[in-house]
Structure formats: structure tokens, C-alpha cells
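Just so it is clear, A, B, C and D label the chains in written order, and each chain counts residues from 1 on its own.
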């Protein structure tokens, strides 16, 4: 039984500025999830950050008096070998690539965003091949491990593993659903353990279709309260208010990323304006990260600095550690994760990834039947964006130009063949070194 | 929130010999499920039994020191009004009707059984109209109540409520899945809380496709142990041993009722032989019940008599009380119940009842995605028997002869048009007073 | 058998400028389709046009020596009573309404088009209630009649009849697919009887996925020829050239209306420019129609004037008359029509309308299994636009604001909640007298 | 274009007694289907029959004055090379094997039949590997050829090619549907060209759900006439009368082979009785064939002898030649054939074979949407028998004992695990030399 094992966790992209968040979570839950070895793996280009973050992590563990060994490595395979969990949080091409992802669509008057639209498409093309390489290592070195995927665009990346990962067990994670739950709790002034939400959709495009407070359905009341509320958002997304009429019509709360669709024009204006002042979101994050790493270097720092919370990954650690704990302890609680659809959302193909509530046990994530069948509006949006995602997975895996062009052309935030072609050509040119699959 | 309510439970068919089992369960869980009022309702013909059982129930509650009021009534509507749970366990036509159900098919050389095949078909025709009457009362008098249906054939009866109950919330129950879990626990010498099984199928025709012990998959080992084991059975079904080759081929454990299919010839022989010696199973049960009621009359008896366990309903109370508790406390544990399919078993229609694992919370039962997709063998059997069940629901609701004939003709234990017609005609003739829908 | 009947055809909107086209077709096929009575029905506001067109029709029949009685009526029920075919070609609100439909979206910088996007949405809201009224008449007065629906948006209108027409037999028609066939024939210099095309999609959003010339697949060659070809278009749609790279990626020819999606920006520019010079397309058509009616008045005119072909309805008559002929003669040839999906396009709901190849016999239209399963690109586009259409049918039938808002918001040519709301409010205000379902 | 080609047909199993039937058909249609070369291929064991039949065929062609070369060969590859059509009508194991197939189930009190039940199962195990070998030859030597499969069990064999034939184009054929059409024509005294029937199901298990006479639905009248009619049967199946009540309930005419299900007991009695008198059907056929070959030897015989019609393959030639003609001439008429389901029968998997109406053109067979959705009775029977067929295909291809056991156990004419195991073991033992896939 897993519980008897000495736990080993491998974090790919371990030099990330988010790592102290994760380490804090592991420390807090150590009694339930007694991690023996935490491997932080990164690439040569990230060596310095890895060492800074690794040293901080060790100070944090020591301060907490927790016997968790923290190992730093540039050899991914060493980290993966025999691991129980492999968490992926790397960023192929670093923030420079993200900045390009945000700028290219803007050139053509379109939204450029890290995960949504043409920006996320570019990120997917770069990331999927690396993720599938990691899968090969896992199959060889840790075939029973769960790959917990945080790398964005998490839905596409998880789907690539489900389809092409050769059987590697994977679960995709996002901090957005837990954020909604926490905000409901705050809105009603209750403990979040009393709140249940039903999420329907895919990563970064899902709706909260039902809200329960201590077993009682408060969805209608909640939607009235949520209209105009700017609290229900993410750090990295402008928090424009939701229109009450829209929420009433939808009978559901869109997620933060829905603003790029429902409020496309305002979002675009804001983005273009920022581009001319502070630069892309990547540029902003880059500066935040530099400041964070300066803090991390302080040899007296031995807890997660509060500034990290400004970075945007609220509850990231909570989500990751809760998931590992429920698998490890066979807990059977309900969490919102990215998994294979297999009939849960009846109008999407079986083999795609979806983001829904699932029971988590030693065997992984087991999605629950939906209690609210989404209507045609939600259905249509999910279907077209999922079709884009499926094409993107194929394009990323096979390096096929025509498939890539089909993908970008139907994305609702691109929409025309001419823009799709121009953007695709720019992406391929500017990411050439990261996209060998397209240049063989 | 439900937890604040004063709980009222209505038991339709409250005069059943099983009632002390249920009462014992309610007493044991009183701290979690503080039932204020337990209404036992029955019909005039059952008045005497109701009074005997009711008196015993009161002595049991008093002995246990539990402040649960036990009310007896011949007015079903009084019992239902404002109830939180309405449990149905009645037997339309009493054991006399069951005896006929078992004899009629035997006349034509076919298996006659309470729930499976032509016997269960007759029981369904009698029961469905009464159940739908109860639904009308619930909609009027207790619209928020859960109808917990134990009345056999539970799958068909539950499906009738799902399709024609006008929105009454219902969950169908059976003690068979929990029985398997308990037997696994016994076989491995562990506490049953460490055992998880995955059930796939419909009521009285389901397979255990996965067995976990403390999070570890032991299915293959279990199937080897289960072959030849006569322990894995039900009190009311001859416990013929499973063939090791069959279990290996199926990669799953059939349920006890599968013996009527996989071992049809032996089961039929045994049944015909018994018919000539001790009579039908109904005849045997009748005598057991008479003995039980003699015991129940004893004014000094204030606990459930151990002889009740010989009756066949092991874990019946456990199943019922656990379900009510999880709904009442919004517990979110996993139980095996009969619910609307809605895509969980992809090859059965959405609107039929299936018996699978589900999370139970204040909102009811939420089935889990299957982890093992059944192969063509299980699929084919389920599809043909479910088609029979769907036709039976239609025939029972609309009183349509042609539909009834279609139903019986495709049941694998009937199979020919001539036998179906002869049996149907006998059923209609001998149950005329209970089948007004066919004689208008 | 139908063939023995004396044929009666009712044309609702009989005063249309297109009617001479239809009459010409009926005359040409009279030997196969011996129409006894042709009823042209219109409303009071169209009396003058009806009389002009009716007189021309009579002169045409007389000139051709064909014993087809042409009756004019303002009483729709008189026309429908006992009819074999009821053809609908009316325009609720006349060209004035169409002009508004084209102007409203333009106000918000969006495409305004008769059938596609927000313009078609407004037309659907006005038309569906009238069509369902006609269905009521058909059910009462000509229950065996086929309703042949040419009224745009034909896909939505046909779907409304399929869902809410109370069983009226209906087939939706469009001249676009036959146009492609004709253009293939022209391109290859062959008779069109040698050309077969496979159409996949819905009305005004379908792809030609396969082209056969005398039984040989020439799809790839055809797509190469079609790129850049401006011939493959419709009179009422700017004939921008298709990009060769797009056709290669799609492996299919988009239909003319696809330009509003794939070339949205160019189409919008062109539209806005025209709006400031010649006005809306409706304004242009209005002038063309006035000129046509001037011609029609000429008592010496007894054939269809060649100027009618400039109007945009090429092959309209061919499509209508071929369909009636194949039904009447039980011909079993293949035509491209709008029918209930029922599994033909596996990723669309069963009950929606689709536009595909079907065998036409006395029983109606029987769609053929697709030989090319569309990929994710075509799938995604069809799914989101069909979801819009389903919502539009519901909004049009029930007059529900929230559903209407959901519909417009997901249309790819609208896309944002704010634009959807503004346009919807304008549509309701400016069409109030035609939309009683929204103002009760 | 195919029409320009010099046609070559290969007949695998060309020495069959049916061949003169086929040759007669080819002669009759020579003007439409000008076959240049007819290759009759057989194995060494069939050399004598091949020579007899080949000589007769040549005399027939000569007599008819038709320039069709008839070539005889023991080299299958020579026959296949460059062929346009490859017709398979061989019998692996000859009539001796069929006789065993009929005897083995009878040993256990079950029906033994050439295509239905355990007998057909054995035939499938022997035939599928040979058919897939032929597919390999076709892929190599005649990749554009259509394989027309008459070899029984035609549904299973066709499905094996669809799933494992590596893309070989195949259509499965049966003379049963055309037989029903002819019998309807006879019953109503009309030419069969006026009759249309709708067939729903799979090979040897399909229902006629709609009958049209000159475009008018006469289904109800026809079913009344068909009850009791022993005419609607096949030469090789006892022609027990249909019960009027059953046909009324089904609202469809079962096919001749349905008697093995609906009248299982009578069919079994008849079979067991015959077994003790004249032997198996194979034994009877063997004698008929010997007599036929004696006739064929007559050097003066130069037409198909009328005695052949007693053999049971009425319309066999008609079916084969009509199909080839429609493909060759791109005719687009409707024929009933075995093809990939792909959504036509919504409740069966996409990739299985079904027997339904299809338009035949140069591209092959294109099934039509059903006009009558079958109810749960037909659905359930089709699903369980198709599940048996799917398992049989897998067992035949992979030689897997467990899959074979699962297949036989769920066949409605076997039903119990013990009988399935006993029969399977007998089949494997007695067909060992034909089943290398099971003995590796």
C-alpha cells in the first residue's frame, strides 16, 4: 500500500518562483503527507534560480523542523527515478517566450494571453514536446508515478499526455476553481469547507453552475451577488465586472478567463494600452520575479515571503498538496481537476481533457456525473474551443502546419484565416529553436 | 439546512418482517441521524402485522433509550406528509402473488424468480402503478423528500419513478453490493472500511469489476479466490460455485443473480426439484415470516431477533440507514445505488436506471465515472436485459399488451414468443385485480 | 399513390419577384410534374405585386401551352387546403425589415447580413412564428402535404418546423449546393449530371468535402482549381478569392457564406463602405425588385425576363421543382437538402436541421451516411453555430430574452456580451410589431 | 473512370455449385457489365469441381454468345491480380466441417446451424483468417478492388474485413432481403420494381420495418398478410408460420433466421428429429451438390440447370451482379447490403457491420438514415447478438480462448457458461487444423 512507502516528489521546473509556495504547503501537511525526498529539477539556464530557491526551501524545512530532504538537480531523470509524484511547472522558453506570445497577436489587433487564444497556442506548441519527453522518462523510471501537471495551457498539456503519454497517469491542475470556492466562502462569511461548487468545462473555460452552502443550493442568490463583483477574478486578469443580465441569462458564473470572450473588446483595449505603457504581462511578471529572487537570496529568510502572493498563484500550493495527500491517503474527497472526459460532458469527445469535480483516491481522479446539464450556449462555446485544443494537440505533436492553421483559424479570439496565417508564421519564426517538430 | 430539521421517515410497507432490521439500524445511528418520527404505514390487509412489528419497534426504541417516536398508520398520506425520507418496501399482492410469480414460468419449463425473468416481470406490473401513486402523494405532501426504493424489482421500479414519477427524487437500493464488499473483507480478514469495489451494471445484474484493498488493486487475486467459493452469494439464491475459467474470462465477479443466466440449467433443475418438495421460495419465506411474527409478538422481545438474519436481507438496514445518514449530513461518501444513467454506462440509454458507485451528499446520489470500461460480453448482456426492463416499465405504466409481449420475448430466460405469450396470458389472468392498467 | 393525384401547389409569399423563376421551372417539368393548380398566396400589403406576378405567370403558362391553373389569393388557408406541396418564400417585414437587420449590427461595427449573424437572427425571430402558424394550417387543411421551405434563414426555420411544427413534413431548400455542382461542371467543361458533390454542414455553413466526376474522386484537383477562383460564389455575397493555403488545410471547399467567418475583416470593410455609398444589400435589392416589377407589368412579356437572374436566386426554381418531382414520382435521386440530423453528423444533436445529401422519394428526404468524417475544425465551427441556431429557435418560439441573449453572445460574428445586448435591444425595439412573442 | 476499364472479376471458391447461377447473371447483364475476364479460383482439394463448373460456365458463355473469358486457377493471387471485383464464396473445411458445426451444439441440446449460434461461430473461427489472407493479397495485387463477401457468416466476416482488412473496400451480401422484396411483389401481384422495403439489423438478424408499394406505405397490411404465411422463408430454414400476435406486437417482419430465436423450441425439435433421420442440413446439401455436379458434367448442358434453384441460393446471382453493375456504372440505386454502421443504427457501435439499405455508386455503398427508429425489443436483440459477433471477430483474429468463451456464453442460443465451454472445447478439438490462431 502506498502509505507504507517513503514518499519521493519530483518537481520539474523546480527553480520556479512558485516553489516556496509549494514547499510551505508540503511543510504544513507533512503529518498527512510525509515526504521523504523533494527533488527540485531544472535546466542549466535555470541553475542560479534553482540554487536560490533550493536554499530557501531548505531553510524553510529546517525552520519548520520537518525531515524532508530537499535535493537540487539539473538531471531530470535523477529527479524522476522512483518518484511517486512528478509535478511539472516549467516554462519552456522562459518569460521571454511568453512576452513574445503576448506581443504577436497584438500586432494583428488581437488578444495575446499566456494561455488563452494565440498566445496559449504558441506556448502549447513549445511545451507539449517537452512534456511528452518527461512522459518517456516516467514510463522508464517511475511507471507508477502520477504526473501532476500545472504547466499551462494545462488543459491542452494534460490532453496531450492523455493521448500521447503512453499510459502515464496524469492529472491536470489549476488554482482557479478553488479560488472561486474560497471567494464564495468569503462572500458568505463561512468556512470554505461548507462550500461546494460544481464546475463544468475545460481548463480556463469553465462555468460554476451550482453553488451549495452546507448542502443547500444558493446558486441564484450567489449569481446576484457575483454580478458587479470584481472580487471573483485572478491576479493576472483585469477584473472587469460581470454584467448582471449576462449572469442571469447564463444561470452560471463564467470563470475569470471568460472575460477574454464575453468582454473581448474591453480586454483588448486594456491590453493594448498596457502594452504601450508597462509592456506585456510577461514583462511585469519578470520584474516581480526578479524582486522575489532578490528576497529569496536573503539567508535569514526561512518562510514563504508574503510578496509571493502578489505573483498570482493563490492556492497553487493548496491545490497541489491536497491532491497528493488524497491520492496518498486514499481519501476520496472531491477536488476539481483536469481529467479524461469519457462521457462526463456528453457533448465533448471521450478522449479529451475536461475540468470538473472528481473523487480523488489512491487510484487517481474519478469525475462525477454532472448535476446540471449545460445548455446550448455553454455547449457551443466549449465545443469550439475544445476543437481548437484538439487541433492544437495534434499540431504540437506532429508539427503539422495545416493542422496548426486550422486550429488558430477556429479559435474565437482569432477567427479569420488571414490573421491565423500571419500569427502562425510569426510564431514559427520566433520560436524556431523550440519547435523542432515543425522544422524537420 | 437539512441538519437543522426534525427528521421524519415514512416506511411504506411498514408491517414487513424486515422492519426490526431497519429500526435496529436507526437506533444504532441515532446520534448521526436523529429521527424524530418514524411512520410505519401499511394497508388494511397488513394491519395485524403492522401492529405486531410496530409494538416490537417501540420496545426496541425504548430499550435503547432513543427518543424516536414510532407511529403506525393505515393512511399512507399521513405517513408521507412532510417526510424527509419515504422508504418503500411493500409487496403488492403479498407472498401469495410471489408464489404465483414463481410457479407460472415453471409451468413452461422456465425459471420463476422473484425479481429475475418472468417472475420479476409480473411483480413489476403489479408494483409500478402503486409506486407511481406514492409519487403523486410525495409530490403533493412532501415534495422535497427522497424516495428510497427497496421494492423489487428495484431497478425497474426506480426507473419507473425516474421516468414517470413527475420529478420525485428517488434512489434505488439493494443489499447485494454491500454484501460483496463485506465478503471481500471477510475473505481477506480486514475491516470492510478498507475495501472498495467497483460495481458495473443494473440491479441484480451487475459485475464487480475492480476490488481495492486499502487503495491497492487486488482484483485478479480476488477472482482466483472467488472461484469455487460458495460464500459469495445471497440467502435466497442457491449458492452454486463459480467456475474459475468463467471468472478468468470475464475478469469480473458476476453477482449472485447471474447464476440464473450463466448456470441456467442447474438453477432450473434445482428450482423444479424444490417445487415438488418444499414448494416455491415464496412458500418457504411465508413459513419463515410466520415464525418471525410469532417471535415478534413476544412482549419481552426488545431487540431484533437473530433469526431475522436467516430471512435473506443481510445489510438491508445498513444500506438504508447509511444512505439516509449521508444525505442528511451531506457526507459525500461512496455508496452503490440505483440512479439515472446519464452517460455513466456509455452503452445504455441516458434515462435508464443503473447500479453503480455514487457519491452521496445532501443533493442525492452522484455516480462516478467507471474506471473499467466493460467489454462486449458485459455490454451485450446489460443491453438486452435493460431493453427488457425498459419495455417492462412501458408495459407496466401503459398497460399495453404488445409491449409486454415484446418485453417477455426478449428476456434471455424466456426467449421464445410462444412461451412469452403463454406466460403473459397467465400473469394477466392470475393478477387481474392488481393490473387495472391492462383491463380498461 | 401520389402519382394518381391532381397536383396542387401552394406558394406562400407568391407575390415574390422570384415567382416567375418557379413558374418557368414548373412549365419546363410539366410532363413529369403535371401541376393542376398553382396557388400564389400573399398578404394584403403584397396585393399589387401578387397581381403583377400572377398575371405574368398566367401569360407564361398560356404561352407554353401548359394547362396549369394559376390562382391568386390573399387567403393563405384557401391556398393550403388540400395542397400537395406548400412552398414558403415569404419575407416577414418586407425589405424594410431586412434593411434594418443589416444596419443594426453595423452600428456596433459588426457584420449585418440577411441570414448570417445578427441580421439572420432578427429575421428568424420574425419568421418562425409565422411559419409555425402556417404549420397549424397545414396540419388542419393539408396534413399530408410537404412544406418546402425556402424562407431564410432556412436552416433555423426548418429546424423550428422539425421541433415545433407538430409533425408537418418539411424539407428546407437552398440553391447554394446545386450552384457548386454547376460550377464544378463548368470548371471541368462537363454536363452537371456527371458531377457529384458531398456537402457537410448546415444551411449557409457547409463544406464541399468530396467532388466526383463520373464516379472518380477529383477533390484535390478541384480544390487547387478553386483557390483564387472568384466564380464559386453567390450573387449576393462579395466574391473574395479563397486562399490556396486555407483550402489545402481544410481539404474542403467552404461555402460562399463562409467568407463572413474566414474573411470577416475584409467582408466587414466592404460592407461598411457600401453602407456609406449604395446602402444595405436590402436597399440594392429593393431597387432591383422595383425594376423587375416594372418589367413584369409589360402585358407582352410571357417568359421569365433574363434580368431576374441578376437578382441572386440562380437555380432556385431548379431546386424546388426537382424536389417536388422526385417526391411525386418516387424517383430516389440524390439532392442536397435541409433535414433532421438523426445521427448523420455524429457530433450534432439528433433533432437539429442539417444540410446534406439525401435520397428523395415519395416519403421525403433520406440523408446518406457521410463518406468523409469532418475533422475538428469543421466540427467546432458547426457546433458553435448550431448551438446559436438552437438557442435562436427557442428564443423565437418562446420569446425569451435570456435565451436570445445567449444565442447572440455565442455567435462567432458577435462574440461579446455587450454587443449582443445592444443589438438584441435594438432588434426588439425596431421589430416590435413583428415580435409579439417577446411582448406579452 | 471505371467504365472505361476492361473488367476483371475474381471468384474465390469458384468451384462452388452456385457458380452457374453467378455466370447466368453475368451473361444476362453483359451489356451493362461487360466482364472481360472471369477468374474462378479454388484450392487443390476443389480442383475437380472447379473443372466441372468451369467447363459448364464456358459452355454457358459460348451458348449466350458473350465474349467473357473464363479462366480457372488454383492460384488465388493470379485471380486477384488487377481484379475489379473479388467475390468470396468459399467454404473453409468444406461440407464436412459444416456437418460438424451442426452436430456439436446438438450434442448439448442446442441448435446447430450454419450461420446462427454456435455453428456459425465455428464457421467464423475457420473463415476469418482465410478472408484476412485474401485481404493481404488484395492490398498487394488489386488495391482498388471491391471485395464482395458472400461467405457466411457474412456479417461477422464483413466486420472482420472492416476492422482488420487493412483498408480493403468490402461489401457483404445476402440474398435474404431481396427475397423478401420479391415475396412482397408476389403477394401483391406487382412487379418487384414497385416494392421498397426498409431493412434494419445485421446479417441474418434483421427486421423489415417498412414496406412501400409504389411509394405508398403498406406495412400494416403486409404484416397482416405475412402472419401465417409460410412463403416468406428461405430454402434452408424450416418454414414455420409467424404468429399474427407477434408480428402485430413487433410492427415488423422478422427474417427467416429469427425463427431460431422466436421459435427456438420448435426449431430445435425439428432439427433433432431430422438429425436422427436424414442427418444434418450439411449432409442433405452434400447429396444435392453431388447430384448437381453430375448434371454439370453433361457436355450438352449449356445453361444453368433448374435443379440449382432447389439448392437454396435464390437471387444470389441477382444480388451479386446488381451490386457490381451499380458500382461499375455509378448507378446510385438502393440495395440492401452489409456495411460499416457509423451511426446509422444509433445503438450499435460505429465500427460494426450492419445490414441496411444503401445507395450504391462507384464509390461503394452509402447507407441511408433509417426512417423507423427501432424500439427497445429490436434494439436489445441486436445489441446482444452484435456483442457476440464482435467478440467472435476478436476471438477469430487473435485466437483468444477467453474471448471465445465470452462470445459463446452470451449468444442467446447458448446462454450458459457450461454449454459454452463444452461446445468451444469440441469446436477447437474438431477443427484444430483450421484454427492455427488458437494453437500457437
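Simple rule for what comes next: a residue touches a chain if its C-beta (ideal position, glycine included) is under 8 Å from a C-beta of that chain, and two chains touch if they have at least 3 such contacts.
This is a predicted model, so every value here is computed, not measured.
Steps from subunit B to subunit C, minimised over paths through touching chains, total 2.
Taking each chain's centre as the average of its CA atoms, subunit A and subunit B sit 45 Å apart. Within subunit B, not a single residue touches two or more of the remaining chains.
Inter-chain contacts occur between A-B, A-C, B-D, C-D.
Residues 243, 245-246, 248-250, 261-266, 347, 375-377, 379-381, 383-388, 390-391, 394, 401-403, 405-407, 409-410, 412, 415-419, 421 of subunit B touch subunit D in their complex. Residues 1-3, 196, 212, 214-217, 330, 332-334, 342-344, 346, 350, 358-359, 361-363, 366-371 of subunit A are the ones touching subunit B in the complex.
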